[in-house]
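Same chain, two partners: subunit A is paired with subunit B first, then with subunit C.
Up next is the complex of A and B:
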């Protein structure tokens, strides 16, 4: 969280012409990939990458990102930026999923989701410990009068002049859901790219499949990390930095982020696939 | 819609830094091609210097973008730079000697599309958004390519993916002992990512001065270069790696001393305390 200046007042409205242009761009990229690599494994991988990107973008909206105000106990959420939180959850998920990559797509994606969710659950728990026992502040949301899950009232716990503080229960649940979606999405991108590279690299480099395994794993891994960060930062731009969780009014902005991240994932996925296809 | 909260007063204009950074970085990365011409690996350190040039430009590009208050924190800009840069850089390595140029062009295209998405689809409406994300992607690609060239002595696909290990004096080809196969690219990614976002994150505020931030950027770049030169010992011959290490240590020491000088110049007052106080008595 930067201490510099006011946040941009980007409204929640969708820019319709730009969104349509984005969707056309998405279709052009998908069409170009189909034209270049034809139907089959590589094209399906692109579709998988787009789905993974969408899961990441949607998941980040659930994560309670508090930023610097949260560190000072003036806003609810985890006291760091989207890039750090999403990278933590996504990479934890990615490592978990990559470990299970040999057991098939479903097992790997679920393992990745559990890894990401687990990291967020542990993070949220210790954040709450520190808020309650370390900083001595109760958990109260500033955006809703009642917690949508437990029904606890919030306003009497909220200090004057703040937007709420601590980590209300709904934010905790949102964090875990965000971790699940982010970890699963990141792992899906990784598995899709790994399949493509395992298939294409032996022919391209003139080596045995077992020999190129380190290269395939490393390339798929670094691309998955890169795409994860691009999607997470685009989503961070959408929520302009901070969000309380699924009950926050900013959550309703997610359709914009889905369009943007579908285009970004398709673009990055196309380049990543064309490395071995061209 | 947005308020620019900090203006760049005095100092070198951004476009000058942009042009100087781009040209210096490209030229320095291309100087590693002297390896191929001379048949040695002694010129690998030019790759690291190219990365430092790109990082200096990068810290100013981040300043240019983040002075509009994007609300997501300075590190996110650095992560965006490398997330989009790594994709362009790896694709470009396939084009042999043209790789740095291809990386710049492809990164510019990726950056332009990401800029359009954030500015128009996500409704950020920041005047410099598209230009900044183009610059970010190019910087990410160039820094990674510079570190890759420094670690392996080349920026082409096959030297980056294959290396050799020697067992009992025999030299065997191995894909694991390589920049990509050994996942050294992930370390280069983070070394660059930290070096690009730290300078502005550390120097922002009312007493921001351009020369101090750029000096810190160079210092962070050389610090990353030290780590890269140590890792390069596994991939290139030891003489070349030691040359890289000496160049990066000298560069780091010089920029560190200069940065401390500039910090003292800008500080209101300072007390020269010792890092570890002397134990008195006992």
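Up next is the complex of A and C:
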């Protein structure tokens, strides 16, 4: 079978030994951090970072990504890579969240989430706009016969020799949900790290809290961007190529990505915290 | 009141800069054939279709633009720290970042095309000479406008992120918006112009891109001319709206309801775009197709 004709298998089953190994690794990292920094702000920050990472990994599964076939109208979704689109949305969310950081954790995280959702809403609308008015192609899913939200039938709008094209409404909603989760998760990681650095850096560098603010913001921002990319790329490997959104059979693979992302976020979080704790 | 008026002015300026950036970014990536449609430019010689299209898929557009705009912003930031006039610093930073883009574009074209040697695809030196500078010029517009926008957000609106980090964040968002909006128009509508309008490219036609123009062989400048008609402006509008609405809701509504005002406005904007999207989708279903009788099973 050629690479073009090969249908990716859904394969949502969890690999039990790998899952157990992942959970043990996660507990070891959490335990090691607890042992090194004790209970308190830094430990809670690690938990927040893991939750943020989980939100990002889960959110990326919602984003309808068609990759190269979507650019030719051969498959539904947005014509770009999984990790890239999710990163674009999540980082736009982080931009808004960081701006609202002074207004408290909940407001900042929700602001970040709405920022990510906003980017996805506008982008997905323009994707539909280009497909419909620029290329004369209606939206049609290749994975389901009916749109689960609107009930629109899909197969009769598919062009011959393609797997579908454009963004059916369920994919649009998936994209916005993905942006919301990505933006919120990225902002949560940023705020957690910012709190840690604001607390630890003045003593470490012998400076006033106001003086270390630019350093703290930059470090937290860079680590948040990095952890966002770690989680988005990990999830992209789990998706393998393209996904249509929450109705795609590949969506069921998300538990695997959650375990992997929890371990990766915990490890990255531990490093990010220990650079100021040790 | 004055600060709000100032904020709105800066927001409008940032939105306008972002619109230009989005349009230039998409046109640059289409002339350079950088986004997902490049898979077909790379595939064509393997299927026996030799061509004169530029081929510089350095990376996906979002990480590539993340790098260039972060570089431009970083260098501009360093110049500003050396007390150089900000306008000059922004121009110099962007210009230096464009040279990096030019180096990447050159090596990418030579490397990718050389890898197709066994399929008989030649490296055209005149293509390299004439296209690289055009992509660099478009990249300069995209980088300069985005770096300037980031500088406005940082210096005038007081966003806490330093300039290079803002450059990275908005560079990745620029690439994401530009590639999502503009790629299908270049990939389907231009590269497969000979295929039926109003239908996706059949998988069996992959690689059979259009290689001839009105006179002679088609080159990437023709592609830039074509995508500048819709893909580029649509990408620009998309990125401009993202930047404008994101900053607008923060500047105007941040202080209402202890931060919840901006959130509620954001949710309303998302709902408005959802309604527009659904309207376009239903409009297409009414006007195009159906192409076959409805069946119950999906594929």
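The rule we apply is simple: the second predicted complex is superposed on the first by the 267 of 278 C-alpha atoms of A that agree within 3 Å, B and C clash if a C-alpha of one lies under 4 Å from a C-alpha of the other, contacts with A are read in each partner's own complex, and residues count from 1 in each chain.
Methods note: a contact is a pair of C-beta atoms (placed from the backbone, for glycine too) under 8 Å apart; a residue touches a chain by one contact, two chains touch by 3 or more.
Nothing here was measured: the structure is a model prediction, and the numbers come from that model.
Please tell me, clash or fit, for subunit B and subunit C sharing subunit A in the overlay.
clash
When both complexes are superposed, which of subunit B and subunit C contacts more residues belonging to subunit A?
In the superposed model, C touches more residues of subunit A.
Could you say whether A:84 touches subunit B, subunit C, both of them, or neither, answering first, second, both or neither?
Both partners, subunit B and subunit C.
Looking at the overlay, does A:14 come into contact with subunit B only (first), subunit C only (second), both, or neither?
Only subunit B is touched by A:14; subunit C is not.
Scan A:73 for contacts with subunit B and subunit C and give back first, second, both or neither.
second
Touch check for A:271: first (subunit B), second (subunit C), both, or neither?
A:271 contacts subunit B only, not subunit C.
Taking the superposition as given, does A:123 touch the first partner, subunit B, the second, subunit C, both, or neither?
In the superposition, A:123 touches subunit C alone.
Of all the subunit A residues, which ones make contact with subunit B and with subunit C?
Residues common to the subunit A contacts of subunit C and of subunit B are 4-5, 67, 81, 84, 87, 213-214, 217-218, 221-222, 225, listed in rising order.
Where on subunit C does subunit A make contact in their complex?
Against subunit A, the touching part of subunit C is residues 35-37, 39-40, 60-63, 159-162, 165-166, 168-170, 172-173, 175-177, 179-189, 191-192, 196-206, 230-231, 234-235, 237-238, 241-242, 245-246, 250, 254, 258-260, 262-263, 266-267, 269-270, 273-274, 276-278, 280-281, 283-285, 288-299.
Any idea which subunit B residues touch subunit A in the complex?
1-3, 5-6, 66-77, 79-80, 82-88, 90-91, 94, 106, 110, 113-114, 116-118, 120-126, 158, 161-162, 175-176, 178, 180-183, 185-186, 189, 201, 204-205
Given the complex with subunit B, which residues does subunit A contribute to the contact?
It is residues 1-11, 13-15, 18-19, 21-22, 25, 67, 81-84, 87, 205, 207, 211-215, 217-219, 221-223, 225-230, 232-234, 236-238, 240-242, 256-257, 259-260, 263-264, 267-268, 271-272, 274-275, 278 of subunit A that touch subunit B.
Considering only the defined contacts, which subunit A positions touch subunit C in the complex?
So the residues of subunit A touching subunit C come out as 4-5, 67-74, 78-81, 84-85, 87-89, 91-92, 94-96, 98-101, 103-104, 107-108, 110-111, 114-115, 117-119, 121-139, 141-145, 150, 152-169, 172-173, 176, 213-214, 217-218, 221-222, 225.
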